[in-house]
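Labels for the chains are A, B and C, by order of writing; each one numbers its residues from 1.
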Amino acid sequence: MLSLTLSLTPRTRSYCEWVGRLMMLTMLLMAAAPTMAAHPGDLLAIRARHLMTGSGETLEHAVLLLEDGKIVIVGEDLPIERGIPVLELDEDQWVVPGLVNCYTRYGMRASGYSDLRPNMKAVDELSLSRWSSISGMVRFGVTTAGIYPAGRGIPGQATVVCTSPGGSTSELLSELVMRETAYLKAIVGNTSTGKRYLRDGFNEADKWLEKEAKNREKYDKDKEKIEKEKDKDKKKEKLAELGEYKPLPPSAKGQAFLDLRANKISLLASINKSADYLHFLDALGEEEVDWDLRLPLSSECDIYHVKDKIAESGARIIVEPMITLQRATLRQRNLPAELQRAGAKLVLVPRRDSAMDDWFRDVGVMVGAGLDRDVALRAMTLEPADLLGVADQVGSLEAGKEANLIVLSGDPFEANTKIVAVMARGRIAYGEDEL
Amino acid sequence: MSCSLHIRLLTLALLGMGLSASAQTPAGEPGGVGLAILTHKALVVPLEGAQVINNAIILVRDGRIEAVGSQAKMVAPNGYEIMDVGSNWVCPGFIDLHSHIAGSFGLNDTVYQTNPGLRITPAVIPGNPRLKLAVAGGVSTVLFIPGSGSNMGGQGVLLKVGAEKYEDMEIRNPGSLKIAQGDNPKRWGYGMGRIMMAWNLRQDLLRGKAYAAKWQAYERDGGVEPQRDIRLDVFRDLATRKTQISTHTQYYRLVLTTIIMLAREFGFATYIDHGSFDSYLTTPLAIEEGVAAILGPRQVMWPRPPTYDTDGQVHGSAWGFQKLGHKRIGFNTDAPVVPEEELSLQAAMGVRYGMDDSHADGIRGLTCIPAVTSGLENKIGSIVQGLDADFLIITGDPVDPRTSVEAVYQKGRRIYDTHTNRRRW
Amino acid sequence: MQKLQKQILGFGALWSLFLFSFPVQTMAAVVLDDDDKAEESEEEKETWVYLEGGDVYTGTGAFLRGAGILCHDEKIEAIGYDIVVPEEAEVLNIKGYSVYPGLIALSSRGLFGGSGSLEYSVDPFSDNMLLAVASGITVAVQGDEVGRLNRGRIDGIVVGKQSFSTMSYSLSNPGGRKSLRIKFDGAEAYLRELRTWENEVKSNKDLKEPKKSGVDSNTLKVLQGTARAMFRADSQQDLLAIAQLAQRYGFRPVIQGCREGWIVAAELGRAGATAIVQARERRNKSENLVRPGGASIENAAILHRHGVQVAVVPASTGISMGGIVGRDIMHMPVEAAFAVRGGLPEDVAIASMTQVPARLLGLEHRLGTIEVGKDADLIITDGDLLHYKTFVQWSVVGGRMVYDKEAELYLAHIRPRPVEEIAPEEPVVPGERDEEIIETPEEEADPPEETPEDPPAEEPPPADGGGDPPPPAPEDPPVDPPKEGSGKGDGSSAIHR
């Protein structure tokens, strides 16, 4: 029954209402069912004057029903069955999805290697002792984080975690890690080595494939020989000796690139300027892999040369919410808005990990400078969730997704709006006293 | 078409004159017969009026220009030696108001922070190889000045480049008082800033002015002769505007202090020397105070944010001064920073980077503008009656690097001629 | 006709011979060859650029007035007057502007925006690349790579590799000289053996090929003609020695510097040398030297007269933004103009930046001149390339328009192109216009034409008449009316020699 609501995410007001009524019926049924009643504490309704879903909608007089840390239903003016605890928010408070910071090293070691290490995984760095600092992100509204491995060159693969500090400590890590590996980070900007490493990586993969093919060929030949053996016992004996085919152990460096080719992970290329983008494409050549871009903004950044090409590629581009000065003229330039207008999929990340508490305010400045509100929120939630490959679980307030949300003291993009409370997986992770 | 210069010396007239005193002296020089030069195009560049005379005749006698006119209206007087330069042009010799190559390079005696008493004259080496090259580049007059190691480097001297003896070289001493306002004098002593430099300069200027006033009063009213202070002597010439202050200055904000402090506050005859980069932003002030702008060697401002405000364009200093209405724009080399013989290239680059030269502004910036700036407009800088016969015979537009200087005359004397000398430049 | 004549004068009278007699390569019809391109066209669309009505300085001797150039993808497809232009072509009317082959910088720093190998580090959006194409350079050598300034793209950047064998043969290092001779002897001996073997092996198959081991590969390449020997030498003794060495072993040396080349130009000419010179090289000769020495402004011209090919390079191989202009790689034509000052013919001066470098790099089949089939590397200027006021207005690199002066901030404000009509103004001789704009009212009333009221200046009395000075010239010297024929013909570009 829940799957029904999943597909019926409210689109328009009337539509919402219709679904709402339908769901009220369902909920009534559920309330009546004895199994549900056994865990009444798992149900929670939230009533908010304003709610942004993150997928592009703003609801008024919104109602959220949560169960078991998941969203059951979202809608406008939904009646709530008696018995379900209701969290009534203030008139001026807003609800938005928990933020997804897909590009961070908050709470992690800062130093790394600077060569080709695609086999490094950020997930291996995680430990309980690190957790206390990582979960610190939650007070900035970040409920999902993509943590990348430190270093230059190709430093390794990022992992996706839920930042919620709750849960039983023993199972903590396995519970909180949402995806062990999400993207392979490659720094292509400023140095020519990035391009080289990328090519080297794919070559490693090719080399392994070649070796593997030879190995297989040899095995097949051996097997063929044995098959020709007339003595059945001997044949059996020999076959047993040969055994099943065992593929070669994966090459440490090549494996990540094989995973890339198999779309198990995506590639995140960090570039600094337009030229890097062209070099990156050149390095990819014919390879068909999923890739996105990371672009640290600066006054040297001349990405406008290729913004249309980036838009055309369908790749997401991670930038800071920053107005930059164009170097030649010192004129202000809103590169994020330019990219978005060109049609590129925008992902906004905090200016620095240490400036995560300014994230909303910085994006607010961009909205003031002409960036669409919904696009802006989407760039902090659903788009990065999509980049991390966890958009089916987090990133927006939609039925079926995890109950990650933020209660704000006002409009998210107003300068003096504060985070009142943060809920991660249905649990209030920050600001319990405020509610 | 022969590729070389035809100087046809029609010495017929000489025959009728007898071999008297003038026989040994070439025409045009003091003591010699008159010289009549026929040229296809004379760039006479007077301060006012028509700049060019086509098919011109120039009469030179006793080292001076006797008359200039069109061949259609004037003929050479009897007895004048006639020199037809064919298709070549004639223009005044170039003047460089910022040069360090007329002698040895011991120009930076930074004894004190300000050294108004130092004179450059002992450093002059007449006829040194660099000067010889300068002549071949058409440069006939330089202001040889001390370096910018100290705030007030000392007194420069205006020199004719071609002479072999110092007495013949000197046009005016002191040629200027050199004040430097760039970053160079910051190195003096323990190092100092602009504020300190300006403060110190003003002290000396005030002292100098008072000293000059004392002498003026004595000369006017008599009384006790004031004690002579050779450190401040130059201010007597400055007070009577017999000489000027040539200010090594560059950026807008430095030029600003030049004009405000030296011209407006103290009222000295001052000009911007070594004007560079965005100095043109001072134009309204410079016009108001009558301060000429002599530009070079760094006379193009590339967009260089964030240090300087910019609109992303390449701005020539000359372009800027001219656009804002300045009429006295000249060029210098700061030789050896830019070799002396490339003085004309400075004008070429000024024009290339935006200066409008439809009124011969390029060549004027090499000749009559520096002449009037240094107070020598009655001596050099144009080809008009009464001035020194300092001129060049060249193969075309004097500003064009392709144009070759075929001969250089100074006070009517031929000091360089590619016919008789090896071509130097 | 007036204009035409001027132009002929500008490039030397020789052109007039070529102008009408030279076979003009014209495409009667352009046949689109679609077969090969069909597959590619999805990714790479064919590009056609047509430059219409420019004055084309081909560099081959032909000067085509008001001709068209059709570029197809990277190559020049047609040059001439009756070109059939495909509909999809981007057409640029450049009537009144001049087209030259793109300049080739024999060594450069930072033009490609990076310092590493071109493939990995080129930044085709960098300011340096913009300024390089703005100054007419379309191909430049960085390190040992020859790169094309393919602005906005990173493909097709590398055109080739330099293939010089760098050598030293200097008086100051007798040991080095000897060892170089030994290397040449070895290589020569090897080649002799190789030839003998090649002849005899036909009849006697058992003969062994002579061994290459111990033979210096650098010198061998030079003698085989696969690489040119590059020397850095300035003094006449060294130059002479190199010329003799080259003649002894039969190779054509490339000499960088070549400061005193003018003194031994004949010998260098006999050796078939190519000189890479700075026109403004300065070094006075030693004071105690009796014979000629030192640098000379005439160096390039004298070398050229003796059959030495001359490439002119600027003093600085990078782009200088320090404010001193006219000496860096952005001002290659200025450097060449100084060679003209020293007597180098103007067409040779242009070749010294185009054809000669192309030849030195072994790329003369692709670069250096405007010919059908060669790379479409062209620059379009608002006048004589060697004139100091001339700016590149458009650059075409590899058949693509990569620069438009008006579209970039740097230089757009300097003498912008007229909006109404596309042709640039008639070049004006500095000062010339003054005669037309005479502002004083007296002169307006009394136009500077010869008028009967304005009597000719009195004849000054004869010089021997005593100390009487001649009557002063009229206060405002009478001025000739601008004579179209004589006054303008020499223009700003004219040098009469």
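For the reader, a short list of remarks on this structure follows.
In the analysis below, contacts are C-beta pairs under 8 Å (C-beta built on N, C-alpha and C of every residue); 3 or more make two chains touch, one makes a residue touch a chain.
Everything numeric here is computed off the predicted structure, so don't read it as measured data.
Contacts between chains leave no pair untouched here, as each chain touches all the others. The largest tally of C-beta contacts between two chains is found for B-C. Chain nearest the geometric middle of the protein is C, using mean C-alpha positions. Comparing the CA-atom centres of all chains against that of chain A, the greatest distance is found for B.
Rounded to a whole number, the gap between the C-alpha centres of chain B and chain C is 34 angstrom. Look at where the CA atoms of chain A average out and do the same for chain B: the two points lie 71 Å apart.
Spacing of chain A relative to chain C, judged by their CA centroids, is 56 angstrom. The residues of chain B that reach two or more other chains are 303, 311-312, listed in rising order.
The residues of chain C that reach two or more other chains are 409, listed in rising order. The set of chain A residues that touch two or more partner chains comprises 328-329. Contact residues of chain C toward chain A in the complex are 113-114, 116-117, 120-127, 152-155, 409.
Taken together, the chain A residues at the contact with chain C in this complex read 192, 195-196, 273-275, 278-279, 282, 302, 305, 328-329.
For chain B in complex with chain C, the touching residues are 1-4, 16-17, 33-34, 40-41, 43-45, 49-56, 59, 61, 66-70, 72-75, 77-80, 86-88, 129, 133, 276-277, 297-304, 311-314, 316, 319, 337-339, 342, 345, 348-349, 351-354, 357-363, 384-385, 395-397, 399-404, 422-425.
Listing the residues of chain B that touch chain A in their complex gives 303, 305-306, 309-312. Taken in their complex, chain C has these residues touching chain B: 13, 280, 282, 284, 292, 296-298, 321-326, 334, 337-338, 340-343, 346, 386-389, 391, 409-415, 428-435, 437-438, 440, 443, 448, 450, 454-457, 459-464, 469-474, 476-480, 482-483, 486-487, 490, 492-497.
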